[in-house]
Amino acid sequence: MQTALTILLDGLVYASYLFIVSVGLTIVFGVMKILNVAHGGFYAWGAYSAAYAIGLASELGFPDWFGFILIGLSSALVGVVLGLLIERAILRKLYEHEEVIIILATFGLFLILEDLILIVFGVNPYFAYQPMVFLGSVELGGIFRDVYSLTLVGLAALVALACWYALNRTKWGKILTTVIHDREISLAIGINVNAVFVWTFVASATLGALGGAYISPTVSVAPGIGIDVIVLSFAVVVIGGMGSIPGALIGALMVGVLRAVAVHKFPEFELFVIFAVMAAVLMVRPEGLFAPAKARRI
Amino acid sequence: MIRSVFSDKTILWAFVGFAILSLIGTLLPNWVLNNAMFGLARGLAVLGLLLMWRTGLISFGHALYFGLGAYAVAMLEKFTGTTDIFLRLLAALIVAGGVGFVIGLVLRHYRGIFFAMLSLAFSMVLYGVLVKTEALGSTDGFSVSQTTFLGWRPSSKYPLFLSIIAICLLATIGVQLYLRSALGHLTTSVRDNEIRVEYLGYSVARAVHVKYVISCALAGVAGALIAMALGQVDPDSMVNWTVSGELVFITIMSGPGSVVAPFIGAITFEFLRTFAFEWAPHAWQLIVGGTLLGIIFFLPEGLWSLIRRLWTKKERRRDRYTSSAGARSA
Amino acid sequence: MRDNMFGNGLRVVALGAVAGVTALASPSPADTSFKVAVVSFLTGPAAGPFGVPGRNGAELVIDAINGGTMPAPYETAGFGGLQLEAIFADESGGNAKQVAEYRNLVEKQGVDAVLGYISSGSCMSVAPVAEELQTLTVMSVCGTPRLFEGSDWNYTFRTQAHAVGDSVAAALYIRDQLGDVSSYSGINQNYAWGQDSWKFFDIAMQKLSPESRASDNPQFPKLFAGQYGTEISTLLLEDSELVHSSFWDGDIEAFVLQASVRGFFDKKKFISVAGASAIDNLGKRFPTGTVIGTRGEFGIIVRNQEGELNEWFINAYRERYGVYPLESSYQYAQSVLALKAAMDKAAAESGEVPNTDRIIGAMTGLDFVSIAGDVSFALGNGHQAIHPVSYGVTAWDDGKDEPTVVDVRVYPANCILPPAGQLSEDWLEAGMPGSDC
């Protein structure tokens, strides 16, 4: 019982982290039909800039809670700057290309973002533990947990809620839904698809950066941090259905809990199980478990 | 038969080129020979990807077969002590080709992004297994002893270099002949309009499957050759998704224009990497990423088109994805 | 027409060839210098705690010996009369990349010897290539005993005692200092070093504290994973009293930070075999009361130890780099000193400039003085060094306001390591016969 509860909590925490990272990926795929490998770069940049800012603030004597503000600020900054730059300067010119070529271009961008991190932040790992230490720990199911990781669950819920609200209850959401269903019709009825693309991309980049920034206090922020994350989020997005936000939620929960079970019970299967499920879903239901409704055109 | 093979200009010049390369090999210092071997071997895997690309399919999981080939060599040695080049290549060929055949049964129904994602998933399954299993070397991988030739243990790398050249030449000729065959010509048609091909009475899935197995076998042999030339296998530099990305990158960089382009692209890549590591170790991925974007934007037909533009100004550029040499002599 | 295209491809290769020949032919300052590549992690999670301090330790000692400013017994200038010219290379990128890099160092950059390597993976993969290229390679930090057990290397030496010593000394320290430990578990990286460390620690515990019970679910996360939430939960759920870890790079820092927030160190006794670098890097965040080792007489454990060489090393290092030398600084310095001792001996014996064969002859079975203790190449046909290993418990020195290690015990080499010719695992399973403590 205690073990089951612990596994569930570990899985939930990990799933929340995966969801925050993956939701941006799935939104961009849904709206722009781009599978964005550079999302891993946003994640890494978010993690580095937050870790750097938190470390600096701590040296300058700011209180520990200030770290939370810095996490928000740095992910917004990374998302807006990198998102705008990349959409405007690169992706915009590639929309007419085949989708695999666009994936490759984002792969190129990912590599560039990786090395820019080395050049800007250097090669040593960063530790930004202050926010995690600030929140302390709580006993749950017989063992202590750091409160910070638990807040990840809240943040994921908040992000999910915000996405749901924005898509279903705002004018922007309606426009977005139209663009998702049919880009040409949207153009015809006077929607500024370009603007939709820019803001979708920036929002997605910000979410990616937020994932990195928020997780940074609990990990060592080191070069290559985005490499594993991007395939994991691919798995999440594919399992749930590319382009579906509830799909990302389900995918994240599945991957998170499966991984927790594996680590606790069958450690050798930790990575295997995730990608085996990904392959299985693709084989049985290529559109994913929660494929978004599509206006199919032949 | 032989005459008809050599009437194909690409094959003729591939033959001449590889022959010259094997002669020059005797003069090259070891590190150049090493890089040339890595480049040629990697070129084999890229040749396989090129075959898929002609059908409009890009695999983000060919590291699976590359890794299987490399690990087949290492495991064969671990369990049987075999270091013979023929047995090593055979093992790689059987393992990579066999797994490719089985996975191909599924993958042949997939196109575009789903093809890319499913192949990625399969390759990451292997990665996940290797990294976590102590008996398979986990993240360490294995050392691979020097290759022997029917019991003969050469003191220099040159015999291996020659073998790699011979294999590359065979593969180049084989793929070129295949592309010229009726089945091969289906390639382009599948890319252009799949339904039309089906109406002609061909099974597209089968055509894709055949191509897929060929490209898997090529990637497997490539992995085996790299393992032999390098003397080491490990999951992160042979099976991880970044390796698949690297292979696709070289494919795009080389361009779809000719079956010899992959070798030129891969050798260029190897030397670029060696020098980049020495002079700008933190900028290697930056260079690769920048090159990738540059090629997508300015040189969609890859390095090959550059070479062609420089030397065949008189010739009119042909249709985008037909093999000019193959089409002409056919 | 296509011949030209091919010509171009060839031209690239030929150009490379020409460049290569010139690079090889470019004269190194002939017979007065000896070119050595010093390989350590210069990027990634292992750079800060291990790679850079190791590199600095080597650099400091190399410069001092070249200039003749080392204290006795290394006061003579030069290495067997030669000046050592060091180039520094990065160990990150995985084993396959290291093998390729090694080939480049030897065949392209033309080094006479290679020194260093931190990861056991690097050592295992480089040793066969060293043999193939017939290049003297002195390994500094890596710990897996598999390196010399089952293989006879002629060109490879290791100045660091292997993991069995660390594990047996750890089990001895637990028995001597902590008394009865009812049960123990572990968290180790899933590669040669982590797997071996756990395996040998486990056997040594069974032999030395037979009433103690091992966990059936020790954790093996991937090297450089950086995120251990689930693993910490698993360990916390178990009732094991003691947790063993051979984490050594940025991973130990990440683990300690993540675990201490969750009260891990209040609930568990913790033994860290190779994580001493984190004590300096984390300062007060590193839990006091942790059993800690430095895999020898290195780093924080000998910080207050007297001795001319040790005091010189600490002072010169602090003066030049502004921080205390860490364990890897000592380990790399130890490799340089082995090279110095062997090259001096080779030069004295032959009266000529030492070459690879003569250095190998002189180094095989050599006894030499290291920064804070004696070392001898006693195992692996005279290629594998042995030396004592110390353990202690972390504490905070309020006077100096810096971390320190107390209750230090030194376990001599012939107490914790198998005699020559015996396989470590057999020796351990047999109950460590001949162990002289």
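So that you can tell them apart, the chains are marked A, B and C in the order they are listed, and the count of residues begins at 1 in each.
Keep this in mind: a residue touches a chain if its C-beta (ideal position, glycine included) is under 8 Å from a C-beta of that chain, and two chains touch if they have at least 3 such contacts.
What you are looking at is a predicted structure, and each value in this text was computed from that prediction instead of being measured.
Undergrad: Can you name the chain that lies farthest from chain A, using the mean of each chain's Cα atoms as its centre?
TA: Of all chains, C has its centre farthest from that of chain A.
Undergrad: Once you count every C-beta pair in contact for both, which comes out on top, B-C or A-C?
TA: Greater number of contacting C-beta pairs: B-C.
Undergrad: Counting only Cα atoms for the centres, state how far chain A is from chain B in Å.
TA: One centre to the other, that is 33 Å.
Undergrad: Would you kindly tell me how far, in whole Å, the mean C-alpha position of chain C lies from that of chain B?
TA: 38
Undergrad: If you average the Cα atoms of chain A and of chain C to get two centres, how far apart are those centres in Å?
TA: 38
Undergrad: Which residues does chain B have that touch at least 2 chains other than itself?
TA: Residues 131-132, 282 of chain B touch two or more partner chains.
Undergrad: Quick check: what residues of chain C touch more than one other chain, meaning two or more?
TA: Answer for chain C, listing residues that touch two or more other chains: 43, 220.
Undergrad: Could you list which residues of chain A touch at least two other chains?
TA: 118, 123, 267
Undergrad: Of all residues in chain A, which touch chain B in the complex?
TA: 35, 37, 90, 93-94, 97-101, 103-105, 107-112, 114-116, 118-119, 123, 227, 231, 234-235, 238, 242, 267-276, 278-279, 282-283, 286
Undergrad: Which positions of chain B touch chain C when the two form their complex?
TA: Listed in rising order, the residues are 9-10, 13-14, 16-17, 20-21, 24, 27-32, 34-36, 38, 131-132, 134, 138-141, 143, 145-146, 230-234, 236-238, 260, 263-264, 267-268, 271, 274, 277-278, 281-282, 307-308, 310-312, 315, 325.
Undergrad: Considering only the defined contacts, which chain C positions touch chain A in the complex?
TA: Checking each residue of chain C against chain A gives 42-45, 47-48, 217, 219-220, 224, 226-227, 229-231, 233-234, 236-237, 250-251, 253-254, 257-258, 261-264, 267, 285.
Undergrad: Give the list of chain A residues in touch with chain C in this complex.
TA: Result: residues 2-3, 6, 9-10, 13-14, 118, 123-125, 127, 129, 132-133, 136-137, 142-146, 148-149, 215, 218-225, 259-260, 263-264, 267 of chain A touch chain C.
Undergrad: Show which residues of chain C lie in contact with chain B when the two form their complex.
TA: 1-6, 8-10, 12-14, 16-17, 20-21, 24, 43, 90, 93-101, 103-104, 107-108, 120-121, 124-125, 127-129, 132, 190-192, 195, 220, 222-223
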